[in-house]
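In the two assemblies presented below, chain A is common to both, partnered first by chain B and then by chain C.
The block that comes next holds the complex of A and B.
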């Protein structure tokens, strides 16, 4: 009966982002949601424990607004949540996130398997999973499109550009997953209501032992802009002229 | 005024996700074929949607009333037929049993309804007793330990798939409305049958049939309330049902706005999207205001009911306004779509057909005005 941890990021719902003049982006009306691949990760973790027993702990890290993610995450099946919340985590980069998660994982107690999404829905840096594994000193399997849990470890099918690689690892292990691994369920109304009764542990950066360099920004966002797309209504006389116009535009 | 709780938002999200992924994609097809969406009902059962406002001790989900209303709204936004199937099941069948049933009746009937194992329907309307619901000709006569029902009901939502009916019938014609009684009737009882299926203008996937009683024997224990309570039970039930229909109308109105915005941005004429025209912009602005106003009335009525406060006038206001909003906005949505909006298979032509019924059933708009004026002129 594996003890499984699943990590998720509470990201801005990209459907709500509005682009204004000059590519300016407005996040004012944007809601938040669990990052897409992380939903697959949560579902994979929950399915493993539904089939084999064990329990799932969901962990997230971010600014104070991440608190409202707990019921959403818990309605999807995990038994408990640990939220690492601190204003200093609001724009945490991959390293800070991995450091915070490492401390949070230690609070969760003994574990066999950690399942993360391959990358987050906002920046998709694919950094946190491998960094977390490194910091915990456990093996990491990335790009898992299929995940099977045995009595002592996991077998994962890694979907790579040039084929599928099947790898095994003994517990404890961290796996980052692709959407194919498990289709997220729509939680039922009773699961949503039941989520309010589950345990949520909230810790801040100090409680996790993070300060100074660990929290220092390693990069700075200079600007965020929407890609510009203009509809150019070019009229051409014949197919040859069309081909030339396209070739010219592509060049 | 209405800030949803975190839980209500999550419930709305789950229903919206379900509606977008599983209800909307088949809405056009089931409308066209007038096909009962059995697969949707099964999925709604798995999501605990069939008994939202009933306590867990009766097999319900223990949700709040507004969450139920938001559920009907979101389902109807994708498919108004699906919305009314749920509204009739919960508001018109489960609710009167929960509100007026004995403990034994609740234990016997609510768990199956709330868990979606059985579907419910409400049998009040007769060919000659529509708005004049007091002119019931279905009779119930006591014979030993049973009432024997004879008569025919028409326009019964869920009529063919329901297994549990709330039936209104005359037990004492001399007493007029005070001679009407309500019964819980199982389809399995001898003498109960489903008659003609109606072919309708809209909400075609929600089946509407006759339900007939020929010497149907209903145990005395299935009398809901006391003899003569039927008319009151029916009126109170319809008060609640109106909020469900208001939510259905709200969903249709919201969908009309959604489709109009999408189309106005996509559709190019004279080298620019039609949304660049002030005529379209103003139409959409007006639609957005009407929809939001309707939402406030509907949520307000639902909140009052959920809090156990009087809500009869507010339910009538919500139903009247939301129904007229659905009708008007769906007409505008077709107008914005131009010729495309008149073609079968587009969402807006369905919305316009579906909207009309909300001004008619569970009390016409004229009846709502009677209820409202009687309340404010008192």
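The block that comes next holds the complex of A and C.
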């Protein structure tokens, strides 16, 4: 019966971001959501334990606003949540996130498998999974489209640039998953109600032993803007005119 | 002259991407006054090629049979610790992104994933652009940690000309990780043209009502000697086209001479995959579709009447 940890990120809903004057991004109206790929990861973890027993712990890291994510996450099936919340974790980079998650995973107790999404819906750096595995000193299998759990480990089918690679690894192991691995459920009313009664442990950076270098900025962000469109935006009246424009561009 | 042979490193598991990075890395190394080292996994292609295209030396990482590429993380991190390069450019295949992240974790270093632009600053650091928020934003960043590590997607830089140098190839043997084993590799079945290499791409979205109607799109693509791509829902939800045809932030990135967007609204996630196209043409019945603001030429109309007429007209023009 595997003990499974799943990590998720509470991201700004990109559909709510508005571009203002000079391409500046406005987040004022933006809501938050569990990052899309992380929903697949949570579902994969929960399905494994529904079929084989064991339990799922969900872990998230971020600013204080992440507290309100617990109900959504827990309604998707995990039994408990650990939230690493600290103003210093707002906009944490991949390394700070991985360092914080490493400490949070240790609080979760013995585990066999960690399931993460392939990347977050906001930054999509695709780094936290492999960094977390490296810091924990466990094997990592990225970009798994199929995940099978055996008595002693996992078999994962990675979908890579040049084809499929089947990898076996012994527990404990971290797997990052593609959306195909499991389709997220729509939680039932009962699951939503039940989520409120589940255990949520909240810890801050100090409790996780993170300070100084671990929290220091590793990037200087010089600008964050809407992508500029320098397209001509010419409206053509009919297919003949469009054909001429296309033929001119192809030549 | 080279102040430090370790200066700029480039890594890729793909020959073509490695050579692109060697070409760009050579320019950066010359500008910074340092050497260029190519790091390549063994057994895939000849590391000497890197020297023929401008690297000063090559290091071959020899992996034991049945080990995933990422097993090399510890060995690469150790080399970085010993030789102290200023900059590492990674060819951003999926395996290499994982390897780079694991090396970065060991070094406590920042890593820029999928940079779309690199600019050398007066202090020698590299300013990068990359897409965030599903393509809705561009972040301009400079990494503050050493070495600077930047993963660059294949085909970001042009294929370089031959630029032979004299240099050594040395081997670093990567120890096996007994906990992990690759049991099978299935090469990608070639289901059609590689859309990332096509000069013209016709991309189709949910405006198409049925899978059979793909014939209209294929006819247009064939007339232009191009390939058919699609939005994520067309491949992932509907399954009308193979997954290697969907264009977007998490799918393929294309940069053809002409991109024809057919019946797709132009969500940021899709735009992120075709933004580098030279000329963008849009056909959509909704005049308010965001694709029109991201197109050079737009035609508001029903694709079922526009496509046959357009294909006929192009057949005459392209003769």
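Throughout what follows, the second predicted complex is superposed on the first by the 229 of 251 C-alpha atoms of A that agree within 3 Å, B and C clash if a C-alpha of one lies under 4 Å from a C-alpha of the other, contacts with A are read in each partner's own complex, and residues count from 1 in each chain.
Basically, contacts are C-beta pairs under 8 Å (C-beta built on N, C-alpha and C of every residue); 3 or more make two chains touch, one makes a residue touch a chain.
These figures come from a predicted structure and were not determined experimentally.
In the superposition on chain A, A:133 makes contact with chain C only, while chain B stays out of contact range. Applying the stated contact rule after C-alpha superposition, one finds that A:232 touches chain C and leaves chain B untouched. In the superposition on chain A, contact of A:189 is made with chain B only, not with chain C. Contacts of A:75 after superposition on the shared chain: chain B is touched, whereas chain C is not. Here chain B and chain C are compared by how many residues of chain A each touches, and C touches more.
Residue overlap on chain A between its contacts with chain B in one complex and with chain C in the other: 233.
Within the complex formed with chain A, the chain C residues making contact are 14, 68, 70, 73, 93-95, 97-98, 101-102, 104-106, 108-111, 113-114, 127, 131-145, 177, 179-188, 199-200, 224, 236, 243, 249-250, 257-258, 260, 268, 271, 275, 278-281, 283, 292-301, 306, 309-310, 313-314, 317-318.
Residues 6-7, 10-11, 13-14, 17-18, 21, 46-49, 52, 61-63, 67, 271 of chain B are the ones touching chain A in the complex. On chain A, the positions that touch chain C within their shared complex are 12, 14, 17, 19, 25, 93-95, 98, 118-119, 121-127, 129-135, 138-143, 155, 158-170, 173, 179-180, 213, 217-227, 229, 231-247, 249-250.
Of all the residues in chain A, the ones that touch chain B in their complex are 68, 71-72, 75, 186-193, 195-196, 233.
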